[in-house]
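Next come two complexes built around chain A: one with chain B, the other with chain C.
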Partner chain A sequence: MSVRSDYDLVIIGAGPAGLAAAIEASRHDLSTLVLDDQPAPGGQVYRNITRNRGQRHASAFLGNDYWSGSRLVDGFAHVSANVLTESRVWQITSDRQVLFSRHGKAQNVRAGAVLVANGAMERPMPIAGWTLPGVMSVGAAQTMLKTSGSGADGAVFVGSGPLFYLTVWQYLQAGFGVKAVVDTAPARMRPEHYVLAIPALLQPILLLKGLRWRAAIRRKTDYHAGATSVVIAGEDSATGVTFQDTSGRKQNIPAKHVFIHQGVVPNVNLTMATDLRHQWHPRQLCWIPQTDMFGESSVDGIFIAGDGMGIAGATAAALSGRLAARRIIARVKRRPFFMTPFWRALKWRQAAIRPFLDSLFKPPDDWRVPKEDHAIVCRCEALTKADVNAAIALGVSGPNQLKSYCRAGMGRCQGRMCALTIQKMIHNHNGGSEEEIGYLRIRPPIRPLTVGELAALAHEDAGR
Partner chain B sequence: MFRRVKPQDDTVTIYIDDKPFLATAGEPVANILLNEGFSSVHTAPNGKPRGPYCMMGVCFDCMITLQDGRVEQACQTYAEDGIRLYLPLNRADRAV
Partner chain C sequence: MKMPVGKDRIIVIGGGIQGCATAYFLARRGQDVTLLEKDHIARQASGVNAGGVRRLGRDPIEIPLSLASMDIWRSLQDHIGDHVDAFHPCFYLKVALDEDGQALGVDRIDALRKVGFQHEIWLEDPEIQRRLPHLSCPTYGGILVEGDGWALPWRIVQGFASAAVRNGARLVEDCRVISLERGGSGWQVHTTKGLFEAAQVVNCAGAWAAGLAALAGEAKFPLSPYAPMLAVTDRRPAILPAVMGVLGQTLSLKQLHTGQFVIGGGVRAHANLETSRGEVDIPALAASMNLATTLFADITSARIIRCWSGIEGYMPDDLPVIGRGSQPGLVHGFGFSAHGFQLGPAVGEALADLVMGQQPRISLAPFSPNRFETV
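Now for the complex of A and B:
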């Protein structure tokens, strides 16, 4: 496949949103390039599906929602788009050049329109001991199931949320021994949860699925509801989990593997680095890019689809990918655009369950910032809560000033694992609104880049 | 320790600190590290060991060194026959 220097559309990410958009664009003969950091399409949700299908019975434990991704991946197999796997995008310029690295070499392409479909990431869960080897995110445990069919016996799962229950359920289906499940969601639903559950009834299948997972987990594991004050113990690796149960008793469960999770948030590093306008989502407690209903951002020709524009799940992501593609097709072909009311209704129905889920699994304030002073907040720079608070006490207006005081957020992950925590810590100290305190200022490149990688770009330009 | 419940296909050999290990072609190298019991990979600025955490390229706690000296995320590096990688934790210079 030869890569051109410009395309009508460059899609970043081959998850449900990116795949659906590529299929739609291909139907209308848009020249399209799809860039994805994995070796095969699927995104995180349908990860490794093309290979797993070859031995489907051996991966049956992943469940029907996973296999439903087959339709998108099959459709994608026939698109006319160019596809570059193992490509990591590190900058989009305002004139829509997309810069990325592949196999240690930087490249760039020009795009008539860019669709950012880079999805979500797990919200940081900064509890004491979360940096110990042996502690991983629940999403990481699930990725191991999808990419290697491997898991760890005797693990303790700590957290809550749809992905949390799904992954424990998959672990049980696969036959791994789950030592305990420490559920951090409130043990009883509060009145507001019941109110929000009413619109959620538009999604009865999703609700039933969640109830079924939770029932299976209660039945088959050492299950603790309403846990608080969770700490992971260990010196050089995890040795156990301690927490307080609903009766106020302290519990201690020894474990070498601990999987933690408190929901997902849009992965905004790329959209932030592109200087798109973002807003604080007070219900989902995260930043989302500002878009119109078709996903067009505040910068002309740059669109967003999928969980990167707000968490709504895989089905909604595919719909938003198709919608954005339709809008982009109209733009490229200079045709008027009418939004299909049917899709709009579908999308609206998909969104109906979110307020309920967002509120039931909303991380309480004392989960967003660790309780213990020695707990690490910024993983890259190994800064504790006490370190960061000492800098905040000097007087900072926001996360950017804090960087120069203590380096929090200046490591390799570029704030992905600490920015939301730091923002909340400054908010706790300074008061005001979280939106005003703001996120770290993210600048391109959004991943570490070597001079050697960049040099490839100069060669390429000289050759043109 | 992690174990596989699925048969491996398309098996290749990769080298971790010069010791050979079997892997599935295209599998993230971080998976092989965890499957083989290497839960600590590099050293954090506070001198404490760290290992793979997110498995999707966001946490940067699975940093490894490749044969050509490039420092990469193990979860974003995919197994190919004969590749060699080194754990910064075990290197005297602790280049990472």
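Now for the complex of A and C:
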């Protein structure tokens, strides 16, 4: 396959949103390039589905939602788009150059339109002990399950949220022993949850699925609802989990493997680095790019689709990808765009169940900032809560000033593991609105780029 | 914020290295000084530059100023207090990688000798290899300045700002100047934080300085804003004890105390004065990266974790504007064209002299604000 230097459309990410958009664009003969991190399409949710299909019986434990991705992946197999797997996009410029690294070389394409469909990432869960060896995110545990069918026996799961219950359920289905599940969601639904549950009834299948997972987990594991004050114990590696149960008793569960999770948030580093306008989502407690109803951002020709524009799940992601692609097709072909049924379907689905899930699994304030002064906040620079608070006390207006004082957020994770925590800590000190505190200013390259890869661009220019 | 008009009230505009150093020297001499900054201290080029503290390679016209500044850098402790790890003197080495580079270097040393400067010396390749055992390529010799080094720019600028405040200066951030008018016995400075009055105003507004001068009724300065770019890598084993450049090419390379490499080299991105932001053009850094890996193969696998830029003002002759403006009670210090960080302390001292009607110890004639009117 020869890669051109410009395309009508460059899609970043081959998860549900990116796949659906590529299929739609291909139907209308847009020259399209799809760039994705992984060796095969599917994104996080349908990761490795093409290979797992060959041994479907052996990986049946992944469940029907996972296998429903087959349709998209099959459709994608026939698209006319150029597809570059194992491509790490590290910058989009505001004039729509897409810069990425692949197999040790930096590359550069121009796009008539860019669709950012790079999904979500797990919200950091900065509890004491979260950086100890033996502690891993639930998402990472699920990735291992999907890529190699591997897992750890005797792990303790700590946290809450749809992905949390799904992964525990998959772990059980796969036959791994789960030592305990420490659920940090409130043990009982509060009145506001019941109110929001009414529209959620329009999504009975989703609701029932969640109830089924939870029931299975209650039945098959040492399950603790409504846990608070969770701490991961251990000196050099994790040795156990301590928490307070609903009756106020302190519990201690020894464990070598602890998997933590408190929901997912849009992966905004790429769009932040391009300086697209973003807004604070008070219900999901995260930043989302500002878009119009078709997903077009504040910069002309740059679109967002999928969980990157706000968490809504795989089905909604595919719909939003299709919708953005339709809009881009109209733009390229210079013909009018008609509202499609997709739009209504998308809105319907988003509106029905999300507020309920968002409110049920909203991370409480004391999960967003650790309770203990010695708990690590910024992993890369090894800064504790006390370190960061000492710098905040000097008087800072936001994360960008803070980093000059103490380097918080300046390491190689580029804020993915700390920026939301730091923002909340400044908010706790300064008051006002969280949106005004703002996010850490994200600078490209937002994915690994070596000096050698970038140097290779100089050789290329010299050869031209 | 209405304040009584003080006879000797001085307002310094711009919280970069020049403005902060000026405010510091004025405050230390007992003057009533207020520093106004539109964002926060060291937000632009002063706070995020490569941090090179070098006399090497300067235009001979500014060498006296640079040497004077080095004296202040060496006694930085006495001025800004506890900033031991903010300035790291080592040595600065600009190597030749071919015969052209060698000729450039040798000619430069000769030219400097003729006008009496001895601080740059020529090193042959064996000595360079001895000093830099991790170097991956042979050289054609190079220029050395012993005692040049690098600093953490934000720490230094903040250090001067804090020292100014300790000596009695007032610091007002998030304060953008809206208009500048002659009134009474001095200036009326209208800002987003109210009215300030002063006998004298010092314009250290960097890339925004020409706009400020225009507000004050001065002739238009040919100042252009750009955003010089830099990249920093992840932490690597220590292999580079010097700050390095390459003769005839633009590269600035150093390794911080953290092990991180900082790589740049005169590449400028577009700057937006309205939003105070620049968009980095990472591919434009490719040539600098290539040069860095030629010097040290070990850098090839280092991972770039961030590229950034800070907005700076450039003059057509690459020399700063330092001197009295055509309006009474107005002093300028801007247009350092991306090599003003090391000069900052001496410039601050010189501007303080000008404001107080004293003779600066270094002649400022070559930096006259009027030099473009006669052309």
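We take it that the second predicted complex is superposed on the first by the 451 of 464 C-alpha atoms of A that agree within 3 Å, B and C clash if a C-alpha of one lies under 4 Å from a C-alpha of the other, contacts with A are read in each partner's own complex, and residues count from 1 in each chain.
By our rule, a contact is a pair of C-beta atoms (placed from the backbone, for glycine too) under 8 Å apart; a residue touches a chain by one contact, two chains touch by 3 or more.
Values in this document were obtained by computation on a predicted structure and should not be read as measured data.
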{"item": "Partner chain in contact with A:Ser359 - chain B first, chain C second, else both or neither", "value": "neither"}
{"item": "First (chain B), second (chain C), both or neither touched by A:Arg443", "value": "second"}
{"item": "Contacts of A:Ala106 with chain B and chain C, given as first, second, both or neither", "value": "second"}
{"item": "First, second, both or neither for A:Ser229, with chain B first and chain C second", "value": "neither"}
{"item": "First (chain B), second (chain C), both or neither touched by A:Arg412", "value": "both"}
{"item": "Which of chain B and chain C A:Leu454 touches, first, second, both or neither", "value": "second"}
{"item": "Touch count on chain A, higher of chain B and chain C", "value": "B"}
{"item": "First, second, both or neither for A:Asp275, with chain B first and chain C second", "value": "second"}
{"item": "Touching partner for A:Gln173 - first (chain B), second (chain C), both, neither", "value": "neither"}
{"item": "Shared chain A contacts, counted only where both chain B and chain C touch the same residue", "value": "411-412, 448, 450"}
{"item": "Chain C-facing residues of chain A, complex", "value": "90-91, 93-94, 99, 106, 108, 275, 397, 401, 404, 410-412, 414, 443-445, 448-452, 454-459, 461"}
{"item": "Residues on chain C engaged by chain A in the complex (per definition of touch)", "value": "40, 42, 47, 154, 158, 174, 231, 233-234, 261, 263, 277, 279-283, 285-287, 289-290, 292-293, 299-308"}
{"item": "Chain B to chain A touching residues, read off their complex", "value": "1-7, 9, 24, 26-28, 31, 34-35, 39-41, 44-46, 48-61, 63, 70-71, 75-76, 78"}
{"item": "Residues of chain A that touch chain B when the two form their complex", "value": "37, 39-40, 44, 51, 54-55, 58-59, 61, 86, 88, 104, 121-122, 131, 133-137, 139-140, 143-144, 147-153, 174-176, 236-237, 256, 267, 379-382, 411-413, 416-417, 448, 450"}
